[in-house]
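Same chain, two partners: subunit A is paired with subunit B first, then with subunit C.
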Partner chain A sequence: MFDFPEFFSFPLGDWINITVDWLTLEWAPFFDVITIAIREPLVSLEHFLWWLPWWAVIVILAAVAWRFAGRRIALFTVCGMLFIGVMGLWDETMTTLAIIVTSVAVSVLVGIPLGILAAKSDRVEAVARPFLDGMQTMPSFVYLIPAVFFFGLGKVPAVVATFIYAVPPCIRLTNLGIRQVSSEVVEAGKAFGSTGLQLLFKIQLPLARPTIMAGVNQTIMMALAMVVIASMIGASGLGLEVLRGIQRLDVGQGFLAGISIVIVAILIDRVSQALGRTRETGLRRGG
Partner chain B sequence: MRKVLLALLVGIISISIVLSGCGEAEPEEKPLIKIAELNWGSARFQCEMAKIIIEEGYGYPVELVPGITIPMLQGLRTGDVDVYVEGWLQNQQEAVDTAMEAGDIVMLGFINNDNWQCGFVVPTYVIEGDTERGIEPMVPNLTSVFDLDQPECKELFANPENPSKGLILNGPPGWECEIVTLEQVTTYGLDDHYDVMNTGSSEGLFASLQGAYDKGEPWLGYLWGPTWIAGALDLTLLEEPAYDEEVWNEDHGCAWPSVDLFIAAHKDFPDKAPDVAEMFEKWKLDTPTLNEALAYMLAIEGEPVDVAIWFLKEREEIWTQFVPADVAEKVKAAIAEM
Partner chain C sequence: MPITRKKSKVSNRSEVEEEAKVLCQNLWKIFGPDPQQVLSNIDDGATKQEVLEETGHVIAVKDVSFEVYENEIFVIMGLSGSGKSTLVRCINRLIEPTSGMVLIDGVDIAQMNNAELRQLRRHKLSMVFQNFGLLPHRSVLDNVVFGLELRREKRKERQKKAARAIEMVGLKGWEKSRIYELSGGMQQRVGLARSLAVDSEIILMDEPFSALDPLIRRQMQDEFINLRSVVKKTVIFITHDLIEALKLGDRIAIMKDGEIVQIGTPEEIVSQPADDYVSEFVRDVPRGKVVLAESIMEKPAVLISSDQNPEVVIEELKAKRAAVAFVIDADGKLEGIVTKEQAMAAAQKRLTSIEGVAQREFPSTSPDTTVEQVLPLVAEGNVPVAVLDEEKRLLGVVTRLALIHAMYAGNETNDANE
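This part shows the complex of A and B:
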């Protein structure tokens, strides 16, 4: 009497399996196109980062950090990257960097337009919200394995899985940022006869920029959090080193790779946060 | 009115306490046995089977603790789990040796040492084609690992990230096989022709093989047995020089030796449950038997516990050798109800 009656059950799990099989076989050309579109830029970027001399990478990163985030972060960048090099994790870090940059680029390219769409239409927002909730809370192992069926092993399914996990804040905060732009400013824009596109690109997006950048920042952080999980489907880099360490109970190796991930995270976080702030103050000065 | 309600409430609570107490009252309290449930099919099946036999036949409560090899072995040393079923000795030699030397664990017995069908594997249709699915043979003359350096093989198994080389998928990180496979690739002179990719996890490796197999695509990688996927798909093991201890110790330039599947226990376990320890000492299952069980699990799309019940019902002649006759009778009576 207390158990859930069995005759209510239906084979949803089987249907999902059948759907995944069908997608694997019938949609292979479609997934192959996506695979190539992600793999080619990613591998080129990785090879470019490997090709660059180590000191050039440090100089470039430090210069970017100095320009946008100040001297202290630049100093941290130099020390942190030197630490990674000394620990023998340079190549792994470059691979991870390439995966993160690609994942974030895909997330931003898809996320911001979707965020704009959601801001323009209440219906889109209402439909998108439960999907975004699902993407953020569904355990990633659940979609890692289908991702391997569709995209093979390695970095491409890792980027796809990272995208699924990391794109929601970008969409949410773009939506929020545009909706928060004061209606009086929008009214004024309309009164001066700006078209819909002008309104979007000259008024709404610039004013929403700090919020959007906060979303991008969140996306980057979540992408870094996926690094280790993505290595379970063959994405090389720092995540794989962490995995190797813990599998062998080599706590030291695991920690070193983990610390390297933290260094990269702090670096990208500070710079991207500063990017949001400087744009904001720049706009005020200009306006 | 309030007093009546209160009395009623007290009455209900006391009755429910008495009732729930009834269920728990056991004639004799036996200690809980915790078994490490390692995360692959054959180990999980044996754990479920041991659980049924110990609970129904010996009357100990059993808890299965799911986990992966090295952390579980650590748990065995500290006594967080009592028994460790189907460890692969040569794969964890160092960790086991350390634990044995420290006196934290004892070896109960060996399940078998006739398996380890592992090495470099391709789906059979890559060599022979598959007329039913309309797949042409891709490299009909591929038989041994030394054929892999032919240009048509390299091209067939090309690494999408680096098309000038082929790609060999390796086992999960941290497993002994990962390191050995890397060395074998070098010893066989394949490292100039092939990249080796770490698949991150056994799930990743299996998913990649299953995905390629469903699509009829070429696939080349490391695989071991007994494993459900080796039982389910038609795969061909590429030939390697036969195992030779000297060669193996020098550069791993030969096939894998057979491996000992062991059952170990925490040092206090033989005192805690001597009768169960004795059962594990007699626990023997050869590879064909394990593969059969795994294939059955796949065929019925069932859980390890389903296979355990099926095995207890159908393979009486095997498992009754592990236990005294009176225990066997109790188990038989119990599974008849399942």
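This part shows the complex of A and C:
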């Protein structure tokens, strides 16, 4: 009487399972290609970071921070990375960095072209908008499920899940940035006889750059958040340390790993924000 | 400030039968979801406002026809929303006309495919924008080379042409500056240089000076006039400022609600406004800056040759009630003038010809001088100002009375009978 009538139940779950099974079987080559395309650069990057002497990593990161974000951030980088090393989390941090860099690279490589498409066509934008809205409201760990189904466990599905979770702002802000470019400047480009590509590369993208970089920055931040969660599907790195800390009730270990994530987050955030700011505004590096 | 407008020879074009550089014929632009439908059902008498209320469509350009000749400055003037920007964008197809024809050098641009249109824009037409339309992420030099870069010209060639254009607009030394470091006036110089660098035959200018302070605007207008005497271009110039239109234009088209209500030389617009709308516009215009000597000059009352007997000259001056006789040679060239007093002095000395007493120094001007500039000449001496053509032939004379009439009459209203 009070239970929902049984005969209304709908085998939607079964259908989804059937579809997914079919996809994993029939589309296996497709997923294999993606797996290789993600795994190879990811593993190479990780090994490269491990191979580099610790001080070289610190020098490179600090130099990049100095160049784009100023002296204070450079100083912060040096102290933060030294702290991570002292806490014995160096290798995990390098793994996390590799996963983030790969996820963000995939997001940018896919997201910016999609954003451009959306900016050039109202129809594409109209189709993309509900998807993007939906993707951003969904809880992040939901993306772990399809990632695991199609790519198994490990770092590759972690990158895939991170990509799906983190790509919307990149698409959205690329679209917005291009649409916001002053119509008179676009008209000027056309009036002097630019082709579609010339217009894109000489006018729209350069002028949309601050907005696009804001999108990339958001993508990076979301990727960082996701990397922790993705440790649940077997991605190693700082996230896994946090997870272990929780599982073993080792608060200290979890806390240190958490601090390390925050350090990496601040570092990446400041540098990527500064990248979007420089040039146009005329205000050089606001520190 | 005197206006140094150089009157072009376009007013008599119709007789010469020359091909128009730009020709627009029955051009329409209607904004809205179904412009063709609205166009085919349009009722001739319907105003822009009525059509908007009934159909939700905006008639931005309504059945506009005009032609622009080579090296002419054609000004399109109208209030905000009258369709000027839309019209000028139909000429390079930044906006597709709803119907009508645009010919450039006799070629119908509506028939062009994308590649042809691009070539046209790269080589034949360039444009200057109200808010400059510059690329803020580039330096001055890189902005000026923009059009050449799109044409994929060689780097050397690009730099050379850009440097010349930058020099022309007086920005030498600023090549490396960023756009945001420049004042508005200087930014528009960059815009101007960008369009000069591609060396197009036609320049479209959509309110290029409207965003500038009045003083800078005036300075830019003067410089633009100077520039035009160096580089010959066909210019279609949009403005909402009548004074600017009168100052720069060889001919002016006045637009209202998408229609052209009058096309004419500045002088025609001021002295013969086509309707109340135009006369309302020109009411407060200082006519002295617009009306030309040739249009107020009169036939000289007494014309004599230098071997004329003084007695005869006196007789003639008396008969015509004139004070001055003009001495011309066989070709009609003015040799000098003789006042009544000088003729009488000659008669007393019993000279047989007035040759000896004729005055070789006399006030003269060219037919395309504005009345305002003639004024001091009349004020100086008591004799009428002779209007001479380039060969010094006497075309007519401007009397003090005619001058005063031209300057002050008709300034109040048109029907003031005087």
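The criterion applied here is as follows: the second predicted complex is superposed on the first by the 267 of 287 C-alpha atoms of A that agree within 3 Å, B and C clash if a C-alpha of one lies under 4 Å from a C-alpha of the other, contacts with A are read in each partner's own complex, and residues count from 1 in each chain.
The criterion applied here is as follows: contacts are C-beta pairs under 8 Å (C-beta built on N, C-alpha and C of every residue); 3 or more make two chains touch, one makes a residue touch a chain.
Note that the structure is a prediction, hence the values are computed from the model and not measured.
S.K.: Overlay done on subunit A, so just call it for subunit B and subunit C: clash or fit.
M.R.: Because the two structures are overlaid on the shared chain, the partners are seen to fit without clashing.
S.K.: Now for A:Arg244: first (subunit B), second (subunit C), both, or neither, which partner does it touch?
M.R.: Only subunit B; A:Arg244 stays clear of subunit C.
S.K.: Taking the superposition on A as described, I'd like to know which of subunit B and subunit C A:Pro206 touches: first, second, both or neither.
M.R.: A:Pro206 sits against subunit C, while subunit B stays out of touch.
S.K.: Touching A:Val43 in the superposition: subunit B (first), subunit C (second), both, neither?
M.R.: first
S.K.: Have a look and say if subunit B or subunit C is in touch with more residues of subunit A.
M.R.: After superposing on chain A, more of subunit A is contacted by B.
S.K.: Check whether A:Glu184 is in contact with subunit B, with subunit C, with both or with neither, and answer first, second, both or neither.
M.R.: second
S.K.: Check the residue A:Phe192 against both partner chains and state whether it touches subunit B (first), subunit C (second), both, or neither.
M.R.: A:Phe192 contacts subunit C only, not subunit B.
S.K.: Could you say whether A:Thr24 touches subunit B, subunit C, both of them, or neither, answering first, second, both or neither?
M.R.: In the superposition, A:Thr24 touches subunit B alone.
S.K.: Between the C-alpha centres of subunit B and subunit C, what angle is found at the C-alpha centre of subunit A, to the nearest 10 degrees?
M.R.: With subunit A as the vertex, subunit B and subunit C sit 150 degrees apart.
S.K.: Closest pair of CA atoms, one in subunit B and one in subunit C, after superposing: how far apart in Å?
M.R.: 44
S.K.: What does subunit B use to touch subunit A in their complex?
M.R.: For subunit B paired with subunit A, touching residues are 68, 70-71, 74, 95, 160-162, 169, 172-175, 197-201, 203-205, 207-208, 210-212, 214-215.
S.K.: If you look only at subunit C, which of its residues touch subunit A in the complex?
M.R.: 89, 92, 94, 118-123, 125-127, 129-137, 146-147, 149-151, 178, 180-181, 194, 198, 204
S.K.: Sort out for me which residues of subunit A touch subunit B in the complex.
M.R.: 21, 24-25, 28, 35, 39, 43, 144-145, 148-150, 152-155, 231-236, 240, 243-249
S.K.: If you look only at subunit A, which of its residues touch subunit C in the complex?
M.R.: It comes out as residues 182, 184-185, 187-188, 190-195, 198, 202-203, 206-207, 209, 279-280, 282.
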